Amino acid sequence: MIIDQLITLIASKHGNYLILSYAVFLLGLCIYLAQSLMSYQAMKKACKKYLLQKVHVQHDTTT
Amino acid sequence: MRLKQKPVLQILLKRELLLYFRTPTLLINPLLFFLSVLILFPLASVMPMHELNMNAPALIWLACLLASLLSLDAIWRDDQAQGILTQLLLSPTPFYYTVINKCITHWLLTGLPIMLLTPVVALLYALPLTTIYMILMTLMIGTPLISCLGVMIAAVTMSTKQHHMMLPMLLLPLLIPTLIFATLIINHAEQGFVVGHELLLFLSLLVLTVTLAPVATVGILKLTVE
Amino acid sequence: MLTNIHQMLALPKFYRFTGKLLPYLFVLTAGLFCYGIFGALFLAPADYQQGEGFRIIYVHVPSAYCSLAIYSIMAVAALLTVVWRIKLAAMIMKACLPIGALFTLLALITGSIWGKPMWGTWWIWDARLTSELILLLWYLVVMGFQQTVSNQHNANLLAAILVLIGVVNLPIIHFSVIWWNTLHQGPTLTRFAMPAIDPQMLRPLLVMIAASSSYCLLILVLKLRSEILWQERNKQWVRESIGDCI
């Protein structure tokens, strides 16, 4: 039933503009969320790497 | 011993003007750019004279904005490079006078000559007398606006890496209201409406900027110059 | 209560608090968006004049609202940075810039898609559209500016000052439809009067605005956590919190 309603919407007079705007909005938000999540994970990894390097350096200087 | 305020402003102003007059290229450059833009446009376009007429106020204003951008670029840099800015910040006289002095200098050396050149340009575009008068009125209110806002944004971009590009990018959005007001007023005057109240609104914008922008500049430079 | 807020501003506590908050924010955002879009497309009745096309309001108004709301949050954070030099405020301001720019761009794009069938043109130089475009330019310029200043401390201060200078744009955008005779329609939601819109159409709009706001909060929290981790990477508490879960 929802699919039928969706098809009615798309087939209406300004249907393609409607779908275009929703697609742009949702795509934009999803892409940006994905990018933020990926950069967040990358930052966590980078911090871990940095901390590991620091630990190694400390070991090297003390031994 | 603290000097009296009025002679300090005059001394600083005299110093600035002397520095500019000793290198005449600095004086002529913005004006040459202004004239070049206004000469190149009719050459580049195939519009007949009466259509050029309609675009002339917008062109003159655009050329004025761009020419002011040229001379704003180096307004704080030499003083900062030589350490004079730090000295002025540390001295007992209020730094506000230095900022006001920069605004006045820029206006005297860029805004005022552009206003004086406008009648010459009006000849090139065959503008009627009322339009020339209106352009001069809006320039008279608008060029101090450009100077005050420009000195403030030049202070902000002084220490950045790409200050040549940052200054126009930051200043032009702030100058859009000025541009819109000025061209609107000239347009309405050409159509024959009475523009007194619009000019007063424009003037109020100038008063607001001249009051607030130098104070903001003092704050910015005190925060960011070591 | 002030001591509570002051403790919250301490970065380790703030980091842990937002870590606990993150899953709930995800669920909240997803839920609100699902309900909002369902309501926007299926529950709200079609408009008398504009037909089905008016449903673009349910993406256009939340984007425009968020673009202005984020700028206001940035302005408050900028004020805190310049006057009280709170580090967290500087980070919040820096994190808000890209989100605000995104929503402004979305507002302009969805607005222009709405304008084509309704007004016949993709763009018009009236007060509201021009000032929204200036807001987008200002977001982009402040973002670019922040990355060119070499000194980190100065970068935050100068960017904060630029954000405060740009605050003059906000009343212009908000009141532009009242002050000038523009093609853009008047304000739908005013604070003190009953909205001039059918309640069945209003509910999905409010839900979508809430969904966009919670999305902004989610992204803000993600970006803040990244920024805090990076700036505090030399501190002991960071080592304890991530170093152990390698």
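To keep things simple, chains are lettered A, B and C as they appear, and every chain counts its residues starting from 1.
The rule is short, and it goes like this: a contact is a pair of C-beta atoms (placed from the backbone, for glycine too) under 8 Å apart; a residue touches a chain by one contact, two chains touch by 3 or more.
Here the structure is a predicted model, which is why all the values come from computation and not from measurement.
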Centrality ranking, top chain (CA atoms only): C
Chains linked by the largest number of contacting C-beta pairs: A-C
Chain centre separation in whole Å, for chain C relative to chain B (CA means): 34
Whole-Å gap between the CA centroids of chain A and chain B: 44
Chain centre separation in whole Å, for chain C relative to chain A (CA means): 17
Complex contact set, residues of chain C against chain A: 37, 41-42, 50-53, 55-56, 59-60, 63, 99, 102, 105-106, 109-110, 113-114, 116-117, 215, 218-219, 222-223, 225-226, 229-230, 233, 238-239, 242-243, 246
Contacting residues of chain A [partner chain C, same complex]: 2, 5-6, 9, 12-15, 17-18, 20-22, 24-26, 28-29, 32-33, 36-37, 39-40, 43-44, 46-48, 50-52
Of all residues in chain C, those that touch chain B in their complex: 82, 130, 134, 137-138, 141, 144-145, 148-151, 154, 157-158, 161-162, 165-166, 172
Contacting residues of chain B [partner chain C, same complex]: 152, 156-157, 159-162, 166, 169-170, 173-174, 176-177, 216, 219-220, 223-224
